[in-house]
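Following are the structures in question.
Both complexes below contain chain A, partnered by chain B and then by chain C.
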Partner chain A sequence: MARNAAFAAIAIAALIAVPFVAPHAEYALDVLFLIFLYGAMATAWNLVGGFAGQVSFGHAAFLGIGAYATAIMTQNGISLWISVPVSALLAGAYSLVIGIPAFRLRGPYFSIATIGIGEATRLIARNWSSLTGGVSGLTLSSAPPLLLQYFAALALLVAAVGLAAWIRASRFGYALAAVRQDTDAAETLGVATTVAKTQALFLSACILGVAGSVYALHYLFVSPDSVFGFSTSIALVIMPIIGGLGTVTGPLIGAVIYTFIREQLAATLANVDLLAFGVLLIAIVVFEPRGILGIADRIRRMRKPPAVTVPDG
Partner chain B sequence: MADPILEGRGLTKRFGGLIAVDGVDIAIERGEICGLIGPNGAGKSTLFRLISGVMRPTAGTVTFNGRPITGRSAHDICVAGVAVTHQIVRPFRDMSVVENVMVGAFFGHRPRPRGRGGARAAAMEELEVCGLADRAESPARSLTLGGHKRLEIARALATRPKVLLLDEVLAGLNPTETDRTLDLVRTVRERGTTIVMVEHNLRAVRGVCSRIVVLVEGRKIVEGDPDAVLTDERVVSAYLGTAAHA
Partner chain C sequence: MSYGLALIYGVLKIINLANAGFLMLGAYVTWWLFTAYHVDPLLAPLVIIPVFFLIGVGLERTLVRRVLGSEPIISLLLLFGVWLVLQNLAYVIWTGDTRSIENSFIESTVKLGGLQLSIPRLYVFAMGVLSLIALQLFLTRTYLGRAIRATAQDRDAARLVGVDVDRVMGIAFGIGIALAGFGGSLLSLLFSFTPDFGRVLSLKSFCIVVLGGLDSIVGVAFGSVALAIAEAFGVRYMPASMQDLISFVVLVVVLVALPKGIVGTLRSLRRG
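Our next item is the complex of A and B:
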């Protein structure tokens, strides 16, 4: 635990130093920014999909609400100090509206319902033109300085991963783990399972709401098919699975791999990145469902055969 | 029985056309070990589910400590003080033995234990009682069937129940494990926990229970002193499969 904290502190210090050491490496800073943003989003998804085992295919809805809320408020001259927290809370409020009915469903039925919710939300954004600008979306005029964006995304990532690490070791974390492994048994041991799931979804949605703000201010453009798109929801599922579902650092590792594949392959040949993700996903599900961290754990065991250890990414 | 700790009145559960539990009245006395027996499909486990809040009864009421608990959620009822073990064991498979028990300590226990250390200490106490302390750090899935059954009991005990419903904790155990588990049941009863146990092992029931309730086809047919009940001709015929309507 202390070693993990020390490692995290060194990593954060190094990432803070990067823009000062290499102020003109704009491409590198841009890639790091994307990794931070996707890492925070994947970590947020993992609170619900990994920790609590409630796999959602509709999480883009929360990102989209955060992005649109910030875009609309910024267009109306509202300060970021107000618009960013309000975006988080709007996404959180939306999670309660959909979570309370959706959590009456279990397992695959919940997952299917989230596809419907995500798509319905996208269609609302497309058709509520007076508020959202419809299909053509909303455009913002000026972005905050890249340095500020970089640190905002880093802060969001650190907050998200820190929250995940804290939850995992807490009473709440035990509730989510119990829900994931056997919801009925958890219920008979006193765990208010629906409340626990709803709380996890709320926290997850709030983080995605802030991620939406950061997204809108970076790209200066939000449209229904980008922020509310099904492919965004799928990306949020893929990253934690690649890295290690239900672990603290897995989603971040997944975000690094995801961002590199997308940056490298999408630039060379259209849609090759999708093929790569498909192959990667199948390989992981077939060979090592615990993802990259599971592979790392296997290597550790091969080196040190007698030790009986439990992975605790 | 002047002041039962747990009481069901007219409990009924229908699944479509099937009546699994049919108007059962049952009263559990403070501090007793009550056996609940009957042939397969008699509705014993369903009755437990109705009492513990896992299922809502179609009709009837459940009262615990004089207060109605009918229709309350399973976690509420657990926190109030009625714990249940599962006939088919349901460990949290990715957790260690002690972590499984910590879930009960964290959530079923009032006042709440202080942090992870508090929950862990409470869990270790129950593992000690259940003879699993030396397996505390093992993965739950590595236990034998006997170990799993004791883990079910340890988890339920960690919620500090006033009434413990044991659903076939002896099924599948060898004679040594059976004796060990029966000793555990007596120990728990001496701590002041009231016990209701569904059991097919009639010798064990006779050895440990102070009273027996017999269910057949969803109805209560006899209750009372173990020796009297087990020699009752209606019970004998129900078990031997001859006409049950003597």
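Our next item is the complex of A and C:
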């Protein structure tokens, strides 16, 4: 644990130093920014999908609400000090609205309901033109400086990963793990499973709400099909699975791989990136459901066979 | 009325997210046979059903079987991956342009009393009903059909009484995929499509299956009628662009409020 903390501190220090060492490497900074943003989003998804085992295909809804809330408030001249927290809380509030009924469903049924919820949210955003600008979306006029965006995304990532690490080691984290392994058994042992799942979803949604704010301020444009789009929800599912479902570092590794593959392939043919992710997803699910971390674990075990391995992360 | 065909693929009991992909593929194969080889779209199912059946069996053998023992969420994710591959493969091969099949049959109509009815719609509806009947007969009257139902009810018990469970699961999966392809082929007669074609329809089919009750084929027919009525009425009160919203809302409400579906709820009411 102490070693992990020390490693994290060094990594954070290095990432803080990057813009000062290489202030003109704008492309690299942009890619790092995206990795931070995706990493935070994947970590947030993982609280519900990984820790509690409730796979959601509708998480774009929270990102979208955060993005739209920030865009609308910014257009009306409200300071970011107010609009960002409000965005987070709105996304959180929405998670309660949908979480309380949806968590009456279990496993695959919950997953299907979330597809429906995500799509319904997107359609509402498309049609509520007076508020959201309809299909054409909303445009913002000026972005905060890139450096500020970089640090905001980094701070969000550190907060999200810190929260995930803390939850994993806490009583709350154990409750979520119990829900994932056997909801009935957890219930029998006195875990308030629905409360635990709803709390996890609320935290997850708040992080995505802030991620939505960062997104809106970076791209200066939000539209129903981008932030609320199904492809956003897909990305959120894929990253933690690539890295390692239910771990702290897995979603981060997934975000790095996702961002690189996307940056490499997006320039070639449209949709080749999603095709690659589909193949990757199948391969991981079939051969190593614990993702890259699972593969790393296997390699480590091959090197020193008798060691007792404790899943870390 | 055209939603009657949704019951074709609504019979799939396992949560097959790849269904949307095969539905879309069925539509594209029909279109491709028609434009490249001038095959009548009505004959395309003759090719699609056996080929898709074999693909389904192969998919079950190679991928799905490996994850059957693990948590349900793993197979859900696997089939989600398959769907992602199919959809984006279609984008790469056929681009995202909207396609549609046009010939004289598609535009033909028939006057019945005072009503102008579209022949393809009637045809698709009739095929939907026919395949429902055929499937019901197959599942209740043949050995294989009963073996499928037995396996669905209790895999271990089926194995105990001598059912070759592995083979049966492969065949059931193959039939499911073949029906999805058939459904897609029929739908291509009615609608224009893109690689994203199956998603909304697939959600609707889940909605229908849940509405009808997961273990009842007749219930699936009920479910499709109920959803079609809800949509038809909904359109009067809200813009057409919101139409799909109705199915999603119905889906979520039904999943939460009536997890046993209409038929199941009626049954337990009768018993209670």
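Convention: the second predicted complex is superposed on the first by the 313 of 313 C-alpha atoms of A that agree within 3 Å, B and C clash if a C-alpha of one lies under 4 Å from a C-alpha of the other, contacts with A are read in each partner's own complex, and residues count from 1 in each chain.
By definition in this document, a residue touches a chain if its C-beta (ideal position, glycine included) is under 8 Å from a C-beta of that chain, and two chains touch if they have at least 3 such contacts.
Because the structure is predicted, anything quoted here is derived from the model rather than measured.
Asker: With both complexes superposed on chain A, which partner does A:Ile207 reach: first (chain B), second (chain C), both or neither?
Answerer: In the superposition, A:Ile207 contacts neither chain B nor chain C.
Asker: So, does A:Ile257 touch the first partner chain B, the second partner chain C, both, or neither?
Answerer: A:Ile257: touches no partner chain.
Asker: Report for A:Ala192: first if it touches chain B alone, second if chain C alone, otherwise both or neither.
Answerer: A:Ala192 contacts chain B only, not chain C.
Asker: May I ask you to decide whether A:Ala42 touches chain B, chain C, both, or neither, giving the answer as first, second, both or neither?
Answerer: neither
Asker: If we overlay the two complexes on their shared chain A, which of chain B and chain C does A:Tyr174 touch? Say first, second, both or neither.
Answerer: Only chain B is touched by A:Tyr174; chain C is not.
Asker: More residues of chain A in touch with chain C or with chain B?
Answerer: So, of the two partners, C touches more residues of chain A.
Asker: Which of the two partners, first being chain B and second being chain C, lies in contact with A:Leu105: first, second, both, or neither?
Answerer: second
Asker: Return first, second, both or neither, reflecting whether A:Ala153 touches chain B, chain C, both chains, or no partner chain.
Answerer: neither
Asker: Looking at A:Asp182, would you say it contacts chain B, chain C, both, or neither? Reply first, second, both or neither.
Answerer: first
Asker: Contact residues on chain C for chain A in the complex?
Answerer: Touch residues, chain C against chain A: 15, 63, 66-67, 70-74, 76-78, 80-89, 91-92, 96, 199-200, 203, 206-207, 210, 239, 241-242, 244-245, 247-249, 251-252, 255-256, 259.
Asker: Name, in rising order, each residue of chain B that touches chain A in their complex.
Answerer: Against chain A, the touching part of chain B is residues 52, 54, 73-75, 78-79, 83-84, 86, 90-96, 99, 102-104, 106-109, 112, 115-116, 119, 139, 155-156, 158-159.
Asker: Sort out for me which residues of chain A touch chain C in the complex.
Answerer: Touching chain C from chain A are residues 53, 55, 57, 101-102, 104-105, 107-109, 111-113, 115-117, 119-120, 123-124, 126-127, 230, 234, 237, 241, 269-272, 274-275, 277-279, 281-282, 285-286, 289.
Asker: Flag every residue of chain A that touches chain B in the complex, lowest number first.
Answerer: 169-171, 174-175, 177-178, 181-182, 184-193, 310
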